[in-house]
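Each chain carries a letter (A, B, C, D and E) given by its place in the written order, and its residues are counted from 1.
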């Protein structure tokens, strides 16, 4: 039940994009086409879960143990960057099919506030390992959900006669805002 | 030289001003601009990191091997971010609380790494400094103006660093709270972007 | 050989004569019973809110058309309908500036910036309401709104009362709710009138029955399940159906065409989802009524749902 | 090989310089940061609760271990000579997350001195009234420890802030937690204060 | 024009084809005018010298060919002199035609060469392709097509026309003869007769399988006939001929029988004409007769901004000139007063869903139109079923926003073909 509430909370109520403002750049950048949005979502789920587990371990067994928590930012970003590099290399060699799908999104993820942010939130909330894992996964699902819903609406909006100055990013942001508004529906539910 | 220096500096203030022209660094832009004060604070923190990391990366550009350049940039940037984090915690604690997680996240701010890769690694330190300063100040101005719009409409007042408001219309105006909430952040940025497009590109 | 200028256009050369004007006019006509009832019950201020809302909405559209140098579109009555719906969702004592600002938000943010009628994936009136409720929550508190009124029925907003005092619903007999004997928004209280108007629209083919029926089904099923689990705290399905914005939602908000899917199965899913979300918000969420946000939420899902559709004739066939 | 070597050298040097620099900055700011946390998060609430104490609760603070967490206790000497302690609890499930509540308890009378909101992320003008406007928290003043501190809606004694039931409920949760915590810790505290 | 009914729960307007009277009158014969016009579906090539030129004297029945080895030709319906040859545009997607104007003379000389017409397909394709009813024998004899069934349509494909119903029943005996000839020249034994049920008793002969046609529009369109009667789904973007099914109008079959009987081509085209008041005229005019001549003989006044629709209200086209000639495939003419024309608009789709509910091909027209309006033709075809459209026009007929949907669709198919040719 606790995990269920955590999942609902992280996916809907504290949605990482729409409520926490993390990962907005890829949210705006990869939502013009549904296929891109789906690809990015899958890549984020993959990386966010891996990063969540590794950074939690680094924090608990290294930083806290050595009492050097101020190195958290530095070590987390290095872990995430190397993880992404490693995943990229691994996929390229072993699963070229998946690499073709995710490959272009992987470098984007290094500089994605959502991945780093989710890791920091896990630590900030003092989750234990399973909870951190669960929370990373839920945040990633929330990211994917928001991105895919947004891509659907955005494709539709971009087909309409949007006035010139508002076209593309501008109307995209306003649309995202309205989607964020609709997500306030879930407030208070857990 | 002087001319191109000025150009590198001023491009960040209009032609390539983030996040309007360079649609990057959106997370802090949206998250912390509930007020002018937060906007300026975030902008300055980012500028600090931008300037010093640009400078250092430019200085070391011939030493850093290309294969591990991203890792090196990240180490440099993260170092400055942590310094900012600690210093703000020690000296501007209330602001640090308001900016929260977005201070450590400067490390993944697409603008910072973007400048490192696209500019600092290819130009001399003076140029890199001008570029970092220009982009940083542009970013600060953007955040401050977005913060101003949101604070005026969303709170009816503008208050900077304690004290009494420097602008106040709350006696007749019920705040349009939408503007300081998450949805309003997106909408305000989107509409401001449209306004900039209307004024004209470049 | 004198050559006359003939009209040259493309097939088909017939049209069944329907138009946006007629569609919107029929929506407005169907809203009238509930609107008139609201005016009778809440008096002149209610009429003032409705009139201001309709005229402001049309004026805003006119101004925006003029400023953006696009053709004038108020002739299709869409702005009038948005204004009327918007006004009907407000309490009768809403301050005038709130109506002015709200209609601007609805028309500008909900319609014009997307490119006008049909281009917006959201229902403009609902968007205006949601933004207003988020900002000026205190003006939408029906308990305090009508303190200066003298009613011969319980002057408590039913949903708020049930939410915070439990489902001791004998204060609100169903018959009273059904006949609009409750405090609430100008045009949303008179369930009977809304149902009549809604059935008129469905019979005339201007509202799609799949949307209304599945929406109501979603509410009834979800509310029934909650009620079954805990009848003390959760009111029964009929109470939910006839209180708050539910009936306005079922026939006039969920049926807005631009923001809803058009294929049958997607329409059914869409309505069910909206009904489910409303009861979830009312029973375990932060809001007393969830109609407005729930419908906006399913607006977001609508483009995805529309991809569920039958295979077109001869699609993807090889040379068989 | 040369390239490899240079890569390793550069990275190592960079990382150690960075580590050293950060360690230096850290140790330079450490004390100040601790002071700031006290000053901005706890001090206003404590000063407001212990406005007329005769000692300096901030200086005399001590830590107590309870299970896996550590709580900071701020002891205060009341003008009438009785001892009081203040400590912070977290109320789960506010509108914008958990809400910190500083609760002061008079140890002789076993009753609350009062409570103040420390940290929150509630809506400005709505939930934030719990901190800015003392009407709500002043309901806790002088309540005896066996009072039911839940909201009236939850069969307790506290009236919710209108329009902010969620915030109010989270705060009452924090107050109730403070009651139980105090009951568990009272002997320990007594020992420490001696 | 059929208005939206007041109550419309199902959203399906019941558009039924017009019925033939129980005792139909014979058509009114139009006089042959002094000047006739023929349209050749191939533009003149300015760089080549044409085989025919202004001033040439032609005989009745003479085949007029632009260039050596062309498959497209016209047949002069009278003896006379060619007055002009120029280019003629039908509409933006149908492409260019060559217009040949012939001044009739009184020689009444017939072209020789039709005596003992051989009963074979290539002869029919080379000489009889312009018979009334536009048989399209060239399609039958095209290489690479394996035909396996013939469908003779006594039902009309558009709403107002009763031409096929009339010719098919009034000349049932000649229809039977024509069918025998067709069977012989095509070597096909599978022959279907598509005929509305109420006309069945008027046409009775052996050797064909009767398919009772529905009177609901658009059930008589080939793709739907194949689906409903032959259990064959026409793949998107294909023609029935490519799938081995050959559709031919009853009038073409009757004309074929007559041509073999007379050992000469025939030129009298039967037409259903609806005037501005909605009154129906059945007329018979020689191919090439300008419509203006028909209107003046019937006393129909054409004013500025009126609309002349050729080929049916749902699928036809509006001509820009009232001198447009009678062509072999012209089953109906509709004249609309300018006051009765509902202008289409260019607003946005409001997702009302009526097009989707009515589309017989199950196309998501509401989505399709967005891609067409933004000129994304390939996406429209790949994902939103552009090529499944059977051009019935119903979506545009019901569109609440009055979007010119059919126009977008036709243009889309046209552009798509160009894109594919370029690729």
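In this text, a residue touches a chain if its C-beta (ideal position, glycine included) is under 8 Å from a C-beta of that chain, and two chains touch if they have at least 3 such contacts.
Fair warning: this is a prediction, and the values are worked out from it, not measured in the lab.
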Just grab the chain with the largest centre-to-centre distance to chain E, centres being mean Cα coordinates.
D
Hey, how far is the Cα centre of chain D from the one of chain E, in Å?
86
Averaged-CA centre spacing for the pair chain C and chain B, given as whole angstrom
41
How many angstrom lie between the CA centroids of chain B and chain D, rounded to a whole number?
32
Need the CA-centroid distance for the pair chain C / chain D, whole Å please.
46
Listed in rising order, chain E residues that touch 2 or more other chains are 348
Set of chain A residues in contact with two or more other chains:
70-71, 74, 156, 160-161, 166, 171, 174-175, 178, 181, 184, 187-188
In chain D, what residues contact two or more other chains?
18, 22, 26, 95, 166
Are the chains arranged, by touching, as a line, ring, star, complete graph, or other?
other
Chain-to-chain touches, reported pairwise for every pair that qualifies
A-B, A-C, A-D, A-E, B-C, B-D, C-D, C-E
Hey, which residues of chain E end up touching chain C in the complex?
1-4, 6-11, 13, 91, 159, 223, 227, 233-238, 302-309, 312-323, 334, 336, 338, 341-344, 347-354, 356-357, 360-364, 366-367, 385, 387-388, 390-391, 393-394, 396-402, 404, 406-407, 410
Where on chain C does chain D make contact in their complex?
137-138, 141, 164-165, 286
Which chain C residues qualify as touching chain E in the complex?
1, 3-20, 23, 73, 76, 115-119, 202-205, 208-209, 257-263, 306, 309-320
So, in the complex, the side of chain A touching chain B is made of residues 18-25, 27-29, 70-74, 77-78, 81-82, 110-113, 115-117, 120-121, 124, 164-166, 169-178, 180-181, 184
Complex contact set, residues of chain A against chain D
68, 70-71, 74, 187-188
